[in-house]
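Order of writing sets the labels: A, B, C, D, E, F, G and H. Residues in every chain begin at 1.
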Amino acid sequence: MDVKKLLCQVKEGSLSIEEAQEMLRLLPYEDLGCARLDHHRRIRTGFPEVIFCQGKEKEHLKKIFASFRDRQENAMGTRASKEQAEFVSEEVPEILYDPISRILKLEYEKTEQTGLVAVCTAGTADIPVAEEAAQTVEFFGGRVERYFDVGVAGIHRLLAVKEDIDRANCIIAVAGMEGALASVVAGLVNKPVIAVPTSVGYGASFGGISALLTMINSCANGITVVNIDNGYGAGYVATQINRLVEKKDG
Amino acid sequence: MDVKKLLCQVKEGSLSIEEAQEMLRLLPYEDLGCARLDHHRRIRTGFPEVIFCQGKEKEHLKKIFASFRDRQENAMGTRASKEQAEFVSEEVPEILYDPISRILKLEYEKTEQTGLVAVCTAGTADIPVAEEAAQTVEFFGGRVERYFDVGVAGIHRLLAVKEDIDRANCIIAVAGMEGALASVVAGLVNKPVIAVPTSVGYGASFGGISALLTMINSCANGITVVNIDNGYGAGYVATQINRLVEKKDG
Amino acid sequence: MDVKKLLCQVKEGSLSIEEAQEMLRLLPYEDLGCARLDHHRRIRTGFPEVIFCQGKEKEHLKKIFASFRDRQENAMGTRASKEQAEFVSEEVPEILYDPISRILKLEYEKTEQTGLVAVCTAGTADIPVAEEAAQTVEFFGGRVERYFDVGVAGIHRLLAVKEDIDRANCIIAVAGMEGALASVVAGLVNKPVIAVPTSVGYGASFGGISALLTMINSCANGITVVNIDNGYGAGYVATQINRLVEKKDG
Amino acid sequence: MDVKKLLCQVKEGSLSIEEAQEMLRLLPYEDLGCARLDHHRRIRTGFPEVIFCQGKEKEHLKKIFASFRDRQENAMGTRASKEQAEFVSEEVPEILYDPISRILKLEYEKTEQTGLVAVCTAGTADIPVAEEAAQTVEFFGGRVERYFDVGVAGIHRLLAVKEDIDRANCIIAVAGMEGALASVVAGLVNKPVIAVPTSVGYGASFGGISALLTMINSCANGITVVNIDNGYGAGYVATQINRLVEKKDG
Amino acid sequence: MDVKKLLCQVKEGSLSIEEAQEMLRLLPYEDLGCARLDHHRRIRTGFPEVIFCQGKEKEHLKKIFASFRDRQENAMGTRASKEQAEFVSEEVPEILYDPISRILKLEYEKTEQTGLVAVCTAGTADIPVAEEAAQTVEFFGGRVERYFDVGVAGIHRLLAVKEDIDRANCIIAVAGMEGALASVVAGLVNKPVIAVPTSVGYGASFGGISALLTMINSCANGITVVNIDNGYGAGYVATQINRLVEKKDG
Amino acid sequence: MDVKKLLCQVKEGSLSIEEAQEMLRLLPYEDLGCARLDHHRRIRTGFPEVIFCQGKEKEHLKKIFASFRDRQENAMGTRASKEQAEFVSEEVPEILYDPISRILKLEYEKTEQTGLVAVCTAGTADIPVAEEAAQTVEFFGGRVERYFDVGVAGIHRLLAVKEDIDRANCIIAVAGMEGALASVVAGLVNKPVIAVPTSVGYGASFGGISALLTMINSCANGITVVNIDNGYGAGYVATQINRLVEKKDG
Amino acid sequence: MDVKKLLCQVKEGSLSIEEAQEMLRLLPYEDLGCARLDHHRRIRTGFPEVIFCQGKEKEHLKKIFASFRDRQENAMGTRASKEQAEFVSEEVPEILYDPISRILKLEYEKTEQTGLVAVCTAGTADIPVAEEAAQTVEFFGGRVERYFDVGVAGIHRLLAVKEDIDRANCIIAVAGMEGALASVVAGLVNKPVIAVPTSVGYGASFGGISALLTMINSCANGITVVNIDNGYGAGYVATQINRLVEKKDG
Amino acid sequence: MDVKKLLCQVKEGSLSIEEAQEMLRLLPYEDLGCARLDHHRRIRTGFPEVIFCQGKEKEHLKKIFASFRDRQENAMGTRASKEQAEFVSEEVPEILYDPISRILKLEYEKTEQTGLVAVCTAGTADIPVAEEAAQTVEFFGGRVERYFDVGVAGIHRLLAVKEDIDRANCIIAVAGMEGALASVVAGLVNKPVIAVPTSVGYGASFGGISALLTMINSCANGITVVNIDNGYGAGYVATQINRLVEKKDG
């Protein structure tokens, strides 16, 4: 908030007190009734708006994406069902849908991809979450390398790619079941590891809680954790780190 | 139960029906009032009696160990407090106490140690549980090799001893915190791995539950799990496997 | 890893340093993109590859089994849905599917069955998990005897088969609800008991957690536990023990 | 409440409306400020008052027992600490304290013991809870037989006393750890089994929850459950059943 | 087991030792392959066999009920789905199905109903579980009175029927959500209260756990608890108590 | 209960003792067999009857609403499915159904709306629960202002409406996921905040438990909590407070 | 925040832009290094500052209370240990400590007590929490009536005081164990009931969780819940309601 | 591992095959028996060794720190008790102990502090964990700014320092109770937020689980989470990010 400029204008009289009062309250979002879209978000944070689609009414989603289409702004939706995707694309036909990651995407302006984030999975069943993470990083302008099915049950597969992984600015480790991948990766490389537990598993995996606990309790250094299946959240933080590192080069 | 012999005696008249009825009820335990000691256990199973001391009254423990002393039988107590040990040794001065493993031991007859069981720990704080396991195997006549502080946060320490571990008939993997050791060991060797979660850790380790869940959900093959801190239970099963393997040599 | 031989070849010059470096990294798996198949696994461990089908994409499964078909290797899939089975068999018609155990199987070479593993269940509803365990043992070359519906609510049924069970090298005890079967079996016989909790039950059975806790907390000696409904895992460990015992005979 | 008699008195004029209103509100308890003692309870229910001592202020307890002493009424306190017992006995020296069951007792009038309740424990560490149950039954006028240390890990000990147990009107089964005793007892006898989980155990026994779940999920018929360590509650219900059965004889 | 008679026959020579050995093992159940039916159960316990249908294969159920039909024995199935009921009735058309309680019933011989059990529910949504309990009691020969929708949110409804309830030999209190009904009933009457938590509720009721905990922790005397939704289990114990009380009259 | 009047009539003889006894038992509800409707409730409490529809049999609901229709009384049903609504409206066509809040409503007499309750949500997915709360307040005669999608992830949106919210007599804060909205609202305004956790979220949100715990543990003053998704309960309490405040004006 | 006045001063030039910027940042708290005291809080909210003492360093507490003493402001500390109280009173001898409620109090100016809040407990062990609630209300200027030991196990005790309770503006219901008191109170009166679960109980009461769940799941209308043992929080909200109601009279 | 160089030496004959085999196994740690110290760690990762002291034997700790002292290497111990600190300092008197953060430190060589990490706490009771995090960053060479007691209950305190916090390379947010601080911080600034739940709280805060869940479920972008009270872990990751950002400047 550029309070100083506003105060200057008040002082100069180019802004009335009432207007100033109002502006201090007026925030740069658009009120659609059901949602308050934050179109200035990209300017403020450098991140375009992302919509969490799960559980939202189809009609609401259509309204939201239409609003971005009208402004020709990039926007991404996560956890969109096939049904939601089809409903929105009736109104916004240029929208793209990836059934694996369940990402909906409007991309009017391609973002260049810089830096490097490594995305690893323990098994093949973890791929949907890993793709949500990877595509989030890419949507936000990061470069991604994927290392899938390198879980600890056959640790030679992971050792074989250790040096490749170590080149990244940070690593996203995606694993369900016992979730030990993050510990072993953090023991092998010396970069921040963002651990994503997945709901892959059965029985006492409790829909991902076992993997979450493994990661939270890891005795390896350099691990932080996001919510179960939260590929988007991991991708967002990985982007923040990747950008912080790369920005300094310029 | 040698029912056949008993029935023969009934038929021959060398045993009355009433006596037979009684003998079918009479079982080879000694009723101390507070406990029913199973002195024939060793004959039946090949395992001497083991007493779980935690929570038992000091007076009860003294009575129990005195009974074994009177018969000059080997006996072991687990999870004995220092206070319990001192109280019992007033009456049974030849009893031995190890404050690390908290094992109380009467060993009138030394058992020869055969076969091989490997006992690994993730960290140094897991040693008390590992010692309970190792000394249980030794008490029951198994040979033990110890590999302590080989946790996955520095996986090179484990890789360095992989081949030594692989020579054992089975492996006991002891770990707290995130408990990933068992998965990695089972991924490296091809022997039964008995995983012992420990209560080492803090916060969301929930007194060992995190490690327990990791081990139960392991995607590596060949892992079974015992209760948190249950070094004795792991030692017992390891002994069973070790004996089954070795007995065939004879 | 035959590091010695490799080092010899380097010394002799029959292997260049670059080749050696590469070979130390190159591991005997096949990268299908979605999965890294471990075709050498059988040679290394004596166990053919087994695929956990649940949650895997149908297309991925088809690719995986086709790869084994192409090499005419035995392979087994667990927790396959009927739909997955049908989809795979379009491409690999010789594949077998058992709807009770949900096992998919390619068996080009029949394995001889040796040793003995006893598989017990508490009730009839536990049979699917028990069959997964039993057929796993059989696929890996073990002989199995089944004792179904011998739960503790009518303990005479279990006592009636006690001596048969005791002849096995190890016992798999499968039970849901309160899961007391494992304790009672371990109290009756003196062989390793691998306890498999099942999700059979309702209310406070919490999808198998009650049975899991019962088994983990058992005061009987000789019990280790695998994950809820993890018949495969129990079968794998039972095979390891069965082989260890039998191999010594030769 | 004898509403009819009261209404008659109102009609006859021997009771004013105001008095009747008051009596409808006035209940036969004594308000000590901190507690409302129900001295008529014994008349209404046939059960003397019982005080749950744990967590109560020493001063409050002293006041309460002094009130019973003043009326020379029998009274029992459960879960009393040694310190509480000593404090109360300064004022009420005739009070009795049993450190095993932690029961405090005023017994001015001895109650005859009729019927039969069997109290079983799985191990010796369960004895304190079992004694709370047994002494509760005895205080309320029931006859008790004790069968301690008959847990399922050595099932022959339980089978040996099966027929004795079966003679009781109901059975209290006290067990910690995996708590399988109740299931096996209920499978052997055909009387109501009141299951008392105890906090005996460690690790994943979660202070008795494992035993509680085992008992609640039992597939044997005839089991109901009370709270962890709630020997008193089990004794109360056992008394109700024992009395209902015996009363009919008269 | 009439061991004495058997032993007499052995002595007299009317029974060979081998036959006796066999008979000690042979138990009066019928092995259908998938299930071991206990046709002598009724003779031993006075209770006809009851089948827990949930999760059982339709084919298995059909076999089981046909076996009872062939012997013209009463039998009851609980938690039967409509689909199971229809499948069985193709083979056994005289079978009865109640969609509310989900009970399947073969009743060749009507049982007279004696004694009295009161069945209360907190709300209307608890009726299915209450009916399972009530019909179980009736099937086993007990008389039932139903008091539905008398939950504590409007306590006057319960007070209005207090005296009727108090006439029963025992009370079954069925409640979901916060499950306070059992406490209040036990505070009002002086008979054993068998509390049945139900899975009625939402949010933090956790499928009945909240009600289960309320009942297990009740500070009222005389309450024991069965599993969530376990109407059958409550009905069984209520029958045991009801019979114990009534049998003494004869 | 006008006990005094009744007693007077007994005294005067205008009411027989037997009638009085009956009247003390007769309570102003209508027994439909499956439910006991409390038609006097509105007179007693000022709140019309509200039916919790979830899990109720369609036939039962139809009977219940028909009973209100017959008396032309206002009535509301919560958590009604579309199918239930359609079934009831066959018999009671004037009934209204809102698919967002899932409220069924009979409103023969419009209630005037007074006072002010603010209803806030963190996100758009929380709207159904918020609408249940808001429409409950309105049905009971309160005025509502809605502030949706003002969650803490973009705190400027909440700050922008702070002063509007502060004018209400109390605030309902509806939030899923991490549920921090209630804390921040209570930190900003000085009115009672009724926090409603919702089941919106995934992974470790555990169907609303995370939000519930956040709200229960809030370090802000002035927050109380209702069950997950319990919009109705929040609306009820908000109405009580709103009425208490407004009634004093008159 | 009086933004308008500030803006006016900027416009008039009586305040420089830099000063205004600073003032917008400067908030009326005092930074003690370890804590930021909010001395203007009372002016803003009408509530004096309250310190949560548990877990705070003694030295910090002394500094905090000395600061209030220096300004001769009323202040209250909750959950203060006896040791903390003694340490603070060395520096601030006029401070008052109540060992039951564990409240520390500086009261330079007595607040008049208006309105009415009823505080009920289920048992005597709940009194400390109830006193924290009651004394909080009194400290904030509300009148309190106490109804202790009126739990549902003897419901006549509660019915006897129903009408007294109903006169209050709101009711605080304090209960541990099964926590049914709140449901029954809310069923009897028609005022907001603030339910406080306590950690009183044992076994499956889980330190108050059972009571918390009971209260959160209550099917009675008009209940909201605060954290386990959070008497202060209940007292705060009760004060808010009490003030809102009473303020309107003026 | 410099495998290439080693292979070269083998080829050249300057290293025998046996020596090479040994070196491939020999890893740069020192085996103290109880622990395997990784003295090369600093060279490999740039981080000196850090010892987790909690639960370690005093004798083991003394040995470990003496080993670092002998090499005059910096070393840090976390979660050291006062007793451990005193025991170690007998042998290593130059060791420093901070009772707030419970950090033990050997610092022979001062590390320069670069970059910037902001450490915020919600309350004063969170300071010990925050200090562990802050001092970890400082020990590893990062600059720290502390913002304590800026929790969301008084959000103006946080808003007042928002811009200062935003200058850091990443933010550590430390909070117990409901743990909402991390969400609000992440909503205000656009840097990675490492959230540390603390065990501060009571009742349903479950020793920090409530705060952990809040943080894991946060709907704000840019948050990752470490274990409860794991200040060290947060400090480590913050250092990694801080270094990655700063290193690029050079």
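Please note the rule applied: a contact is a pair of C-beta atoms (placed from the backbone, for glycine too) under 8 Å apart; a residue touches a chain by one contact, two chains touch by 3 or more.
As the structure is a computational prediction, the values presented were derived from the model and not from experiment.
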Checklist outcome for this item: In contact with subunit F as well as subunit H, sorted by label, we have A, G
Checklist entry - Chains in contact with subunit C and with subunit H: which ones? => result A, B
Next on the checklist: Contact counts by the stated rule: is the higher one at A-H or D-G?
Outcome noted: A-H
Checklist outcome for this item: Interface repeat test, F-H vs E-G, C-H or A-C, passes over-half contact pair overlap for E-G
Next on the checklist: Can you compute the centre-to-centre distance for subunit D and subunit E, using the mean CA position of each chain? Integer Å is fine.
Outcome noted: 26
Checklist entry - Quick one: subunit A and subunit F, Cα centre-to-centre, how many Å? => result 38
Checklist outcome for this item: Cα centre of subunit A to Cα centre of subunit B, whole Å, reads 49
Checklist entry - Which residue numbers or ranges of subunit D touch two or more of the other chains? => result 52, 123, 154, 203-205, 209, 212, 216-217, 219, 221, 227
Checklist outcome for this item: The chain pairs that touch are A-B, A-C, A-F, A-G, A-H, B-C, B-D, B-E, B-H, C-D, C-E, C-H, D-E, D-F, D-G, E-F, E-G, F-G, F-H, G-H
Checklist entry - Which residues, counting only subunit G, touch subunit F once they are in their complex? => result 44-47, 50, 52, 169-170, 190-192, 194, 212, 216-217, 219, 221-227, 233-234, 236-237, 240-241, 244-246, 248-249
Item to check | Of subunit E, residues touching subunit F in the complex | outcome: 123-125, 127, 148-150, 154, 156-157, 160, 200, 202-205
Next on the checklist: Considering only the defined contacts, which subunit A positions touch subunit B in the complex?
Outcome noted: 122-123, 151-155, 177-180, 183-184, 186-188, 201, 203-206, 209-211, 213-221
Next on the checklist: Please output the residues of subunit A touching subunit F within their complex, sorted ascending.
Outcome noted: 25-27, 29, 33-36, 38, 52, 54-57, 60, 79, 197, 199, 207-209, 212, 227-230
Checklist outcome for this item: Residue positions on subunit F within touch of subunit D in the complex are 3-4, 7-8, 10-11, 13, 17, 20-21, 24
